[in-house]
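Shared chain: chain A. Partners: chain B in the first complex, chain C in the second.
Moving on to the complex of A and B:
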């Protein structure tokens, strides 16, 4: 079960989403991707996309306006 | 990897962190209830998709939706509310506890507030799915305005959101084309917005049109509109397309559990109570006339307050009746009924004689008979005897009361 972190701090939409989609393609089922973000727009599209793709998603609030989106590849 | 599911206990779990949910959590937290708010993505919900809110009282100057929601966020967290950012998979009732399940955890709650809100409705046009998720179709002008600087964008819809967000976009985009289903000059938006939009030289309108299809390669390049009067197809080259054609409720996981309208909105009474005891619905997911931040806040306040009363009530019943030591007699009565009140003094008198053998609990059904219902009462006035959480006798004929009480105490005391 590999874990990979993607630093998207300072990056606006759609960059975090595009990077996360690319990273997920390269990962195996059960692997976990952690995406660091600080643009609220990515909070709207990234978790939604990952859930609609069937993955398990949880979000940690790292600080005010900063989040870690944790995606477990489920298929 | 199958992880053991965690179980955590709360008084109140609020599902959804928009203005309605945050207000319910604020009231519950302030009432010192152990409260959890679960939000699947960004705290603030659909309000964070609004560039300017100018009708929320207390803010005389228009305020950005995200900024207003940050203030809500800061306020409810002051009252010790826990927050989890994850999505709820199901809600069920197991042995009097409501179980709210997420991917990793089952939260057991005494009361649940459903504030799952709305999501934008899609057009149903061909290839729509292909261009969602940042491929050209957007629902959020504030999120995507900057990247449409000097671009040509299309808006679908003519309600408040469509016209107001269209005007916001026109500060960035060089051209904003609005597809309106109605005849020329007719829009659903408020009059002020309509007037401003008609005078905005960057906005143009295509009347009597709906989306037929979305076209492009990786990204959206063209929207093909259909004239609903003539059937004519009109391809329009655009850099982005924003859908503002209304909303659908996020209530799918409650199907079969909560009563809903045929459009999926949860039915409640004016106390926000659903058909499930201790489960409340507030905000945009609830069947109501006006869905605004201002009305969401009212719903949330009511649900927070009613949930507090409910939790108090079940704690009272649990502690004072079901877990009480020895024999308990519960007198169920209606305080506004004169006959009931006479029986109450009679019962109190009798209990004084047997004060070492039986405890008295007075249960007034005037405002609500929910506590009495837990004891399976059938009438007022009535006297229900209980021991170790079990109903032993339910006496509804209160003639010869002294004798009956004496008999029960002799047999069961």
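Moving on to the complex of A and C:
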């Protein structure tokens, strides 16, 4: 089980999502992707997309206006 | 959106960035700053009211709008972009609902200002469409062109006008840069308007006002809400198809 971190701090709304989608394509089932974000919009669309794609998602607030989106590839 | 105490996803352990004491201290600072800000906002409201008889109302509506926008994570850019990017149409449907609600309110305001009878909608009465409340403007190539350029800018900057303002307040510094160029772009756009109007290709004179076009309120209402309903059904179908439910 691999773990990968994607630094998207300072990236505006669609970029974290696009980067995460590309990273997920390269990962195997069971791998975990951690995306660091600080754009509030990505806190909504990234988990929404990952959930609709069937992955396990958790959001962790690591600081004021800074979040980790933790996605476990499920399929 | 708080942390999950029980995590089902196994991940490598990380040292917490702040001690509980630091968190508690930050929280105290934030609460006192918030209280000071509310007092400041109310005092500013009194000052604005002294300058403009409707100032306080506009101030309150603006602040409420910002609050709702921030809390709901409503985003006009995402409503147009997410169907393409993620296949999610939840925001698109919310936007269509918002347009329907705004249509009802504007319908009432315009009916009050124009009059209810079909005769009130005749050409002499509505000679100058700019007198009707609700920004009825010329429509043509310039509308599509401007919308396209605005769309590129909104996606690159990470937000449209309201979204940029909202995230400026949230402290996302990139939007402070975006807003500077937003202003520069708006000024440039206004400066380009006279040559655009003169070109004859890029700008078409003439606004379309549906009640006038169809010669009555009822057909206009039917077309307006019929179109919004069709868009809503399409968005719903597309969202379900992308999510694999159909």
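Keep this in mind: the second predicted complex is superposed on the first by the 75 of 75 C-alpha atoms of A that agree within 3 Å, B and C clash if a C-alpha of one lies under 4 Å from a C-alpha of the other, contacts with A are read in each partner's own complex, and residues count from 1 in each chain.
In this section, contacts are C-beta pairs under 8 Å (C-beta built on N, C-alpha and C of every residue); 3 or more make two chains touch, one makes a residue touch a chain.
A quick note: this is a predicted structure, and the numbers were derived from the prediction, not measured.
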Next item on the list: Based on the superposed arrangement around chain A, label chain B with chain C as either clash or fit.
Entry: clash
Next item on the list: Please tell me which partner, chain B or chain C, touches more residues of chain A.
Entry: C
Notebook entry, point to check: Touching A:63 in the superposition: chain B (first), chain C (second), both, neither?
Noted result: second
Next item on the list: Would you sort A:17 into first (chain B), second (chain C), both or neither based on which partner it touches?
Entry: both
Notebook entry, point to check: Does chain B (first) or chain C (second) touch A:41, or do both, or does neither?
Noted result: both
Note to self: A:7 in the overlay: touching chain B, chain C, both, or neither? Say first, second, both or neither.
What the structure shows: neither
Item checked: Overlap of the chain B and chain C footprints on chain A, listed as residue numbers -> 1, 12-14, 17-18, 40-41, 43-45, 48-49, 52, 56, 58-61, 67
Check: Where on chain B does chain A make contact in their complex?
Finding: 1, 40-42, 48-49, 66, 83, 85-87, 103-104, 133-134, 140, 143-144, 146-147
Check: Can you name the residues of chain C that touch chain A in the complex?
Finding: 1-4, 7-12, 17-18, 26, 30, 70, 73, 75, 77-78, 81-82, 85-88, 90, 155-159, 163, 167, 170-172, 174-175, 242-243
Item checked: Residue ranges of chain A touching chain B (in the complex, touch as defined) -> 1, 12-14, 17-18, 30, 40-41, 43-45, 47-49, 51-52, 56-61, 67
Item checked: chain A residues within the chain C interface of the complex -> 1, 3, 10, 12-15, 17-18, 32, 34, 38-41, 43-45, 48-49, 52, 56, 58-65, 67, 70, 72
